Amino acid sequence: MPIVELHILEGYTSNDKQRLGTVLTDAVRLVVPAPPEAITIMIHEMPTDRYYRGGEQRMGAPALEDPAKVVRAFLDAMQARQLDQARALLADGFVMQFPGSPALTRLEDMVDWAKPRYRFVTKTFDGFDTMQGAGQAAVVYCRGTLSGEWPDGTAFDGIRFIDRFEVAGGKITKQDVWNDIAETRAQT
Amino acid sequence: MPIVELHILEGYTSNDKQRLGTVLTDAVRLVVPAPPEAITIMIHEMPTDRYYRGGEQRMGAPALEDPAKVVRAFLDAMQARQLDQARALLADGFVMQFPGSPALTRLEDMVDWAKPRYRFVTKTFDGFDTMQGAGQAAVVYCRGTLSGEWPDGTAFDGIRFIDRFEVAGGKITKQDVWNDIAETRAQT
Amino acid sequence: MPIVELHILEGYTSNDKQRLGTVLTDAVRLVVPAPPEAITIMIHEMPTDRYYRGGEQRMGAPALEDPAKVVRAFLDAMQARQLDQARALLADGFVMQFPGSPALTRLEDMVDWAKPRYRFVTKTFDGFDTMQGAGQAAVVYCRGTLSGEWPDGTAFDGIRFIDRFEVAGGKITKQDVWNDIAETRAQT
Amino acid sequence: MPIVELHILEGYTSNDKQRLGTVLTDAVRLVVPAPPEAITIMIHEMPTDRYYRGGEQRMGAPALEDPAKVVRAFLDAMQARQLDQARALLADGFVMQFPGSPALTRLEDMVDWAKPRYRFVTKTFDGFDTMQGAGQAAVVYCRGTLSGEWPDGTAFDGIRFIDRFEVAGGKITKQDVWNDIAETRAQT
Amino acid sequence: MPIVELHILEGYTSNDKQRLGTVLTDAVRLVVPAPPEAITIMIHEMPTDRYYRGGEQRMGAPALEDPAKVVRAFLDAMQARQLDQARALLADGFVMQFPGSPALTRLEDMVDWAKPRYRFVTKTFDGFDTMQGAGQAAVVYCRGTLSGEWPDGTAFDGIRFIDRFEVAGGKITKQDVWNDIAETRAQT
Amino acid sequence: MPIVELHILEGYTSNDKQRLGTVLTDAVRLVVPAPPEAITIMIHEMPTDRYYRGGEQRMGAPALEDPAKVVRAFLDAMQARQLDQARALLADGFVMQFPGSPALTRLEDMVDWAKPRYRFVTKTFDGFDTMQGAGQAAVVYCRGTLSGEWPDGTAFDGIRFIDRFEVAGGKITKQDVWNDIAETRAQT
């Protein structure tokens, strides 16, 4: 049965509303054991002159960028080693951590750190998981497998990885990476 | 501004409704850049005789167990090696994968597989992330650090880990584990 | 999709609300080609101190008796020739018409009129149809077959009939009857 | 007091909405003893991108044709013996029954069956009653009087009739007819 | 928290809706101790073909003129002794009373009555208060200070006054005036 | 037509809700030219566990005392010269002004100031007008006539007066008084 009515100020795109339809449906499903088809979302949009708080009209703010999209753009730029594009997606105070690495704050440091570990690496994605975190940031997980070449030029693939990102205000504030590279090297 | 009205059948506990208040607020925040205090949730409960679908009264189903609670109970049981209690939380078709392990379906196999790797291991949690997955299952991530003893009795700690669980109908269907154990061993 | 929210004053029984759930579902189905299961009815009841018109609290009136029930009770009383009970269900100004009869206003006149036509008659019901009429009255149709004995004592059965009733304020104001008695007699 | 809010997908015509306003008002009046002026209907239309079920946008279907209009068109075509036009309004499996007739499935058979009974017949309508049936079909009653000529060319009029139709998906599935023709003939 | 949803027929201007936003917020604040920012007003407008009472569409009436604006226009016209313009704002049956005056019904009489009391007077406004009265009329208070010249040509200013107006249907039905003119004269 | 739905936290008394019903009706009437009977107010109360802001349950605050009641209690106490009771109804920073008086902050000063003016005075009320002011305070007007005795023991009555009060948080912050005492004395 659950029926959700969302009242928002006018100004959201069809895509924003589709995203709201999806996240609200998913939110209900976390608690109520209803099949998705039984969950109805209705979005009511209020033009500015029909919504008042404290007797005053209010302006809506543009929707947040989909955090998974931000992460995907960052990963694509990093894989292509387009550091400027990748950097444009980072918030001040960004910090990243890889298996065995110290906390890194600059993409160049990460590139340097990775150099003795592999010539290049390509990610094949099995899935993204996105949610709002307890604080201000959204959390995006992406997981899949790595393929690439070891420093000696031999190829590898099928190595499991998972990345956890925090995204606030459309910028990435934190990246944590886990993978089986060391496990794979230990077995070879 | 966003105001969410949720209509559900009567029968949910105060705790269920608090969970709904939280997940709906978080869902809106993924799309609308409003501070949490600006997001209002109103839950309207319908007694059975005031809700009809197809002209017929419908019964509400009890709320789903919080998936993070299920995961936490499983992790506690596994750490204490109370395999029966842990097993009770698993769905048919459960499968788990650890760094370097094959796909495992029985907890005993996992215990055997782990034996040559460490004497015991204790998890310190940095955080849980819960969200509805695209399919039927909820997804729970927990991350933190491992401490314990290597097979030779020397201690280790501060090794990063992350677990990804899928939980459907209150039972765990899948566990995927990543950690820096191999990385740590390679460095020592 | 259609979702109907009905706001009424508190005081209706569960049975009244079930009837409202049914008639509202049926009303929507007359216009919208949705399967019944896709039509949701939510009834919101307002306690007296939460509903104001003209700034004043209002009292709800008890639900109308189901007009089909009134008709059924009348037909049962008539068949048993319990004229007093039947008469109690009639409004002032009640008028009835049978095939070939004049307009009759008293049940006794109807009984007299029927005497030369059949010794007794029993109705087997195929169905009742109830709807609100354009004016104040509800309209109830019942149809089925008649069985009984002709004045000469021979039996008949399977003769089609249909009755149309108007019911206002729980009382019957009008009855119109059609049947195949004359057709049957003409064929025999 | 009763206030009805109907939420439907966008796409209905003003005429469709007027019909919904009428049938919902009538539905409430069957149960609640409120004068029509006290019954308020508000129809809320949802554009496709503001309504989600299972997280997916849904398309509304065009409104059903008014079943009484379908019946009226059929009766007009039959009276004019425009059998093709009449036949276009019939569903597969259509069946009709007249006083003394067998169950007929083809209009031609009905015409043949009627020939020895009257030269022609014209209907004067006293009223139509429409409602949703318990199954898929709407039910339409029309009643009034017949005039025409007997096979011998003499005229008749004022003969009561009532037709009951079932209409599903804009097509007539069933017609049942009662009238006083035999009664009238018996009396002459 | 208070959230007010107002359903009105379509046709009100943005300014009308702003006025509704303000008066509804103020109304809630008279009873609920919430800061204005915590009070939300949502105005839902119904196009004519989506609102039915008694199954019939209804036309909305244009908004009432702001009663304080009517009063202000009257006071401006009176101060400029544009009696025709002022008179156009008066309802039939208008009556006014000044300190020490009889009940006056014609503006000319008021002008005559005032002549021996002051050569002219100018109002400086400290504030207007507007509210709906118990009957049909709105009540407007305006208060401030008077300046002008006594009949002997000496100037005065800073004399407190308050006017109470009743306004119905956009016309002034009643004016009552209090001021400190006599008090001031007694002290000089 | 206007229909107002008010959503508030549970905990208001029937009397509070009646007051809300009245002030919301009156507020609408200031803008929409509908007769009171055409204005419907529905109050929806939310139990604490069904209302969330920022994902957290909120507590409702008790209703404000009716400002006109506070004023009436103050006027009754003053007339009876029960200064302690009257003083208990005053806010810090209270200030009052009478015709010809300076701004007074203490009730004793007002009593002293009045002594040479009249032996005692009794108010007969013609009406109270209450509204929310632009700031935090509600505004209450009361008007009517004064009767009493002049210092020389002669009686007076029928002298018009009007008081304007500001009331915030249940306490009076300001009283302004106008009357025809000086006018009356000048005429005698």
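Note that the chains take the letters A, B, C, D, E and F in the order they are written out, and that residue 1 is the start of every chain.
Quick note on the criterion: a contact is a pair of C-beta atoms (placed from the backbone, for glycine too) under 8 Å apart; a residue touches a chain by one contact, two chains touch by 3 or more.
Remember, it's a predicted structure, so these values are computed and weren't measured experimentally.
Suppose you hop from chain B to any chain it touches, then on again the same way; how many hops at least until you reach chain E?
Steps on the shortest route: 1.
Which chains sit in contact with both members of the pair chain B and chain F?
Chains touching both chain B and chain F: C, E.
Taking all residue numbers at the chain A/chain D interface, are over half used by both copies (same) or under half (different)?
Copies use mostly different positions to touch.
Would you mind telling me which chain pair, E-F or A-E, is linked by more contacting C-beta pairs?
Top pair by contacting C-beta pairs is E-F.
Among the chains here, which has the CA centroid at the largest distance from chain D's centroid?
F
Based on the averaged CA atom positions, which chain is farthest from chain E?
Relative to chain E, the chain whose C-alpha centre sits farthest away is B.
Can you give the whole-Å distance between the Cα centres of chain B and chain C?
57
When the centre of a chain is set as the mean of its C-alpha atoms, what distance in Å lies between chain D and chain F?
Taking the average C-alpha coordinate of chain D and of chain F, the gap between them is 63 Å.
Which parts of chain F, given as residue numbers and ranges, touch two or more other chains?
Those would be 1, 3, 7, 24, 26, 40, 42, 44, 46, 51, 53.
Using the touch rule from the top of the page, what pairs of chains touch, sorted by label?
Result for touching pairs of chains: A-B, A-C, A-D, A-E, B-C, B-E, B-F, C-D, C-F, D-E, D-F, E-F.
If you look only at chain F, which of its residues touch chain E in the complex?
1-9, 12, 16, 19-20, 23-24, 26-34, 46, 51, 53, 58, 60-64, 67, 97, 99-100, 127, 129-133, 138-139, 141, 143, 160-162, 164, 169, 176, 178-187
Along chain F, where are the residues that touch chain C in the complex?
14, 17-18, 21-22, 24-26, 35-45
For the complex, which residues does chain E have touching chain B?
Those residues of chain E that touch chain B are 1, 3, 40, 42.
Going by the contact rule set out above, which residues of chain F touch chain B in the complex?
Touch residues, chain F against chain B: 7, 44, 46, 49-57.
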